[in-house]
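Naming follows writing order (A, B, C and D), and every chain is counted from residue 1.
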C-alpha cells in the first residue's frame, strides 16, 4: 500500500487525468526500413516526445490528457499542436515561442537494430518554458502531473518543472517522474544526477530503467547495479511507488511500505524499438486513476507497451481500451 | 573591361575551378505540393545550401568544384558528404564537427507561392569553421573562391571567411561574394551591413539582389533604391564586377571601368521558386573561367537559372553543358 | 529540542569545525568615510564574502574553519589565500581558477547610511566550482558544512553546492544554510525561490533575514510577512532550526519541536553597517559545536555581531573568545 | 608627404580635435611601491584606459578632446565621467550602461619592473557600445577619430568601432588607429589579426609597437620581424602614416610616399612604466592638427611621453603646452 490515493475526493471532479510536462516535437522516420541514412530517399512525419506519446496513449483509451510544453512559432509548431489536438490533448499549457528556438526534432533511421537518430535540440522550444509559464490553476485541474526528465536538462525549463512540481504538491495533484534520460541533453552526468535526485524526492511515483537509475546513483553509489538497493535508496521524500523497467525482462515494482513484485512482458513480434515505455507509463497511470490496483495497472501498462511495439507507428499505435482489454483477455 | 584575368597563366594549371565557402546541409521538401505543413505526410530528402548548389551546378557542366563547409559527425553529415561526392565535388575543405553542432537543415513546404521554410540553424556545423580550418594550399588550388554571405553571419565562421579571402588574395585566387542574405542568421541588420561591406570590398566579383544590396546600404544610404548608384558605391576596393539580380527582370551587370548592361530572363514555366540564383552564379563563374566574355557568361548564367526552375528538384536540376548550349541555341 | 546532535560521537574527532562554502574575495573600502565615490581618493584592501568572514569569526575564537571557494590565478587570488591562511583558515577546498574568471570583488563607499557598493561578479571565480571540485573526505572532516546562498546563484557552483550538501548528509556532517541573498547574482527571483527552497529542505539549520525569507516565499506565499508562518512553512525536510534575523530587533529562533524565542541585540555605537550577520552566524555555530545551548549560542552570536559592528573593519573586527565572554559578562 | 590634410578647410571649424573611442575605466594603483599585492594595504584611485589617457593628454595642452566609451550605471561610472569632465573632455559619446556590465577596472602593483595588473573586464561596459550608439553628427564634429584596438576585441563594440570609422570617412574626419593590443581581451590571435587588419586598412594613421604589428602579421607573415617590411605591408587602403613605436629605441615613422625617419626617446628617470604611449599618441595627433610637420609632431609626442613617465601619476602627469615647449627647448 502507499499513501497515494488516486480516488481522493478532491481529485474526483478534476477535468484532466494526466498533464505531461516536457518535450513535444516532430519525429521524422526514414521512408525505407533497414536502410542507411545516406540512401534513404525521404521521411514520414510524426509527432514525438515522451509527453506527446504519453498524452496520445491516454487519449486513445478515452482519458483526458493535458500537455505543458513549448513549440516554435512556425508551421512545424503548428503541426505538432494540430496533431495533438486531433488526439484530444488539452494544449492550454503549450507555449508558442518566438525567441529563435525551434520545435524539437528527431530524424531517425528505421532499423531492426535501432538505427541512428539525429536530434535537433540546440535551443529547443520546450526548454524555453519558465516558471511564469506554469499556471497554478492548470496544474490543479489534473489528477496527475507527469514530468519527463528532459524538462530538467536545461534552464529555464528546469526551474519551470520544479515550480510545476511544487504547485502540484500544493494543489494535491499526484506527481510522477519519468526519468527519460538522454545524455546529449545534459552538460554532465553529475548535473543530471543532482537534479534527477531532487525531482525524484519531490515525486510520488518514479519511473525509469536501470540505466536511468544508474544516472541517479552516479555520484552517490556509482557501483551499485542492485535494483532492490536502488529502490530502497530512492523510496524517500515524497516517493511512494517506483517502477523500474527492465526491457525484455519486464518491470519491477516497489512501494513505500515494502511491497515488491515483477511484471513480465507480453511476447509479441516487435516491429520497432520505441514507444513501449511511453505506452507503459501512460497506461499504468490512467489505470491507477481509473481505480485499478497497482498490479492490474502495471499489467495493463505492459500489455499496452506490447501492443505498441507490435505496430508500425508510435502515437497512432497506442491501443484503445477495448483493444487493451481484448489483448489481455487473450493472454491471461 | 576589368582587371580580373580569368585566363592568367598562374591560374591555368589549378586543379579546381571554384571553391565555394559556406552552408551545405539537408533540405527536406514536402512530399505533397501546395499542401500546408500540418497536412504534409512526409518529405523528400535533398542536399541544399548555396555553396552546395553552386558546386552541383559547376559539376554538372564538367567543372571542378571544391567546398569549404562544416557538417555534423552523424548520419546526416555523412549523407551530405556522400551526396556531394557523388556529384564530383572535392570535399577536402569540409569539416566534420563533433562539438554538438548540427548539419544545417531546412524543412520546406512546396507551394507555388513559395511556402514556409523552417530552418534548423541553432549552432549549425558550417558556422563552426575557424581560421585554422582554412588551408592555404587548398585556396591556392582553385581559380575562384566564392564566399556566400551566410558564412559571415556568426563567429568563428566569419573570421574563417575573412581569412580565406585574405589567403585567396595572396594566392592570386579570384574572389567572388554571393551576398545570400538570410535575416534570421544575423543578430542585427547593422552587423550584416558592416561585415558585408568589408567582405564586398575584399571581393573581385559581387553578386546579390536588390534586397541584399539594401542591407549593404542600410547604415550608409538607407533610402537609396537606385541600382546604378548602388553599383557605383560598391565598385571600390578590390571589386571589379557587380551582378545585381532583379528576379523577373533579369540582372544588371556593372564593371569597374563603367560598363553597364542588362540581361533579361529566359521565360519558362516555373516549377519551384528556388535554385535559380545558385544556378546563375555557378554557371556565370564557370563560363568566365572557360574564357567566355562577361556578356556571354551572364547569358549562360541566366539560361542555366531558367532551366533549373523549370525542373522539379534543385541540385539534380542543374543543366549539363550540352543542355545549356541547346537551350540557348533554341532561344537566341 | 531538535534532532541535531552537535556532540554526536561520530563528530568528536573531526579536525574541522565549520567548512563554509561560497564567495571569498576582495573588499575595497573607501579610504575616506562619508564621502561620495567620485571624491574618494583610494581604498583600503580587505578580504570579504560571507564564507570568508564566517571563517574569520570562527578562527578568532580558536575554532578550526575550512573553506570551499574559488579565486582567480593571479595576485588578487593569492592575496585572498594568503590572508585567510594568516587567520588559520584551512584552504584545501579553495580552487585556483585559470579559465578567465576573476576573484570576487566589492568596491564600497563607507557611509553611515550604508553607501553604494559596486560588485565585480561577472564570471566570478567562486561560481566556477563544479561537483568534481567537492571532496567527499574534506566534507567528512568537518562537523558543520555552512553553505551561503550566493553559491546557488549560478552553474556549475549551484550543482557543486547541492553535491556538497548530499555528501554532508551521507557523512553525518551537519548542514547549515545562510541565505545571503544578493539580487544582482540571480537571473530571476523565481530561480532564487526554487533553488533556495531545495537547499533549505536539505539543511538542518536555516539562517536568513525577513527579506531573504520573502524570496523563498516569492512563488508560494508572496504576500506573507508573518515570521511564525514562515518558520512553520520551512520547518520541513531536514530543517530543525531556523534563525530569522531582524536587524535592530535581534533575531527569532525556531526549532522543529515548536520551541520559539527571541534574542535582542546588544546596543553599541555602530561604526559600519556590515559584518554583523557573518559574526552572528559563525559564532552561533561554533558555540553550538562547543556544547552551548541554543539560547546561549544565539546570545553569543548576537554579542559577537555587536562587537563586530562597533569596530572599523570586518574580518579583523571579529572578537576573540575572551573578548566575547567579557562583553557578555558586562552586559548580562 | 601624405594625402592627409589636417588643415583642410572642412575641418577648420570643427569644435572637437580628437574623439577617442574605446576603454575608459578605473585604475587602482598600489599605495605602496615595490610591494607584492598580498602586502599592499590599499590603492589610489585614478581614471585609466588609452582613450581616457589620450583625451587627458590633449586636454592638458588646451586641445578639445571627445570620448566614445561606455561606463556602468553606478558610482564608479559616475566617477569616471566626473573625472574626465574635470579635464574638459566632451562626454556626449559616453554610454551609461545598465545591462549588468561593469566599468573597466585595472588593479595594479606598482613596481619598477612593471608589476602585475589584474584586469576586471568580464562584460565591461565599453564593449556594450553598438552601432546605434554611434552618432553621425558627433563623429563629424571632430577633426580626428582615434580608435583604440580594445574596442575591436568583442561584439557589439567591434561593429560600433567599424561603423564609427565608416561614418568618419563619410564625414571627412581623419581616422587613426592605436592598436593597443591586450591578449586577454581576445578569443584568439587569429581573430585579432583579422579585425586589426581590416581596421588598419580603414585608418589614415596607424600606431603600434613591434609586438602589436606582430599580431597583425600573425596569419600572413608570422616570421617577419622587419619593421620596414611591416610598414610596407600595411601602407595600404586608407593608410598614409605608420608610427611604429620601439620603446627605449624611440619610434620609426613611415609615410605613404616612402618617407621614413626615426625619432629617439628623451632620456629621463622613469618613475612608472605606463602612460607614455598614450601621451605620445595624443600629443602627436594634436600637434599635427595644430599644423606642425610630422617630424615636429613626433618629436613633441616623444617629449610628452618622456615627461609623463618621469612623473608619478598618469592622466595628471600629462604635460601642458608650456611644459612641453620648455622641455624640448632645454634638450634640443
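The definition used in the following text is that contacts are C-beta pairs under 8 Å (C-beta built on N, C-alpha and C of every residue); 3 or more make two chains touch, one makes a residue touch a chain.
For reference, the UniProt names are A, B, C, D = 5-dehydro-2-deoxygluconokinase.
Bear in mind that the values here come from a model prediction, so they are computed numbers and not experimental data.
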item	value
Neighbouring chains shared between chain B and chain D, ordered by label	none
Interchain centroid distance [CA atoms averaged], chain A/chain C, Å	41
Separation of mean Cα positions, chain D and chain A [Å, integer]	60
Rounded Å distance, chain A centre to chain B centre (Cα mean)	44
Where chain C touches two or more other chains, by residue	none
Pairwise touch network: line, ring, star, complete, or other	ring
Chain pairs that touch, as defined at the top of this document	A-B, A-C, B-D, C-D
Residues of chain D that touch chain C when the two form their complex	28, 31, 36-38, 40-45, 72, 74-76, 78-79, 82-83, 100-103, 105, 107, 109, 116, 118, 120, 122-123, 184
In the complex, chain A residues that touch chain C	130-132, 155-156, 159, 162-163, 166, 170, 187-188, 190-191, 194-195, 197-198, 219-220, 237
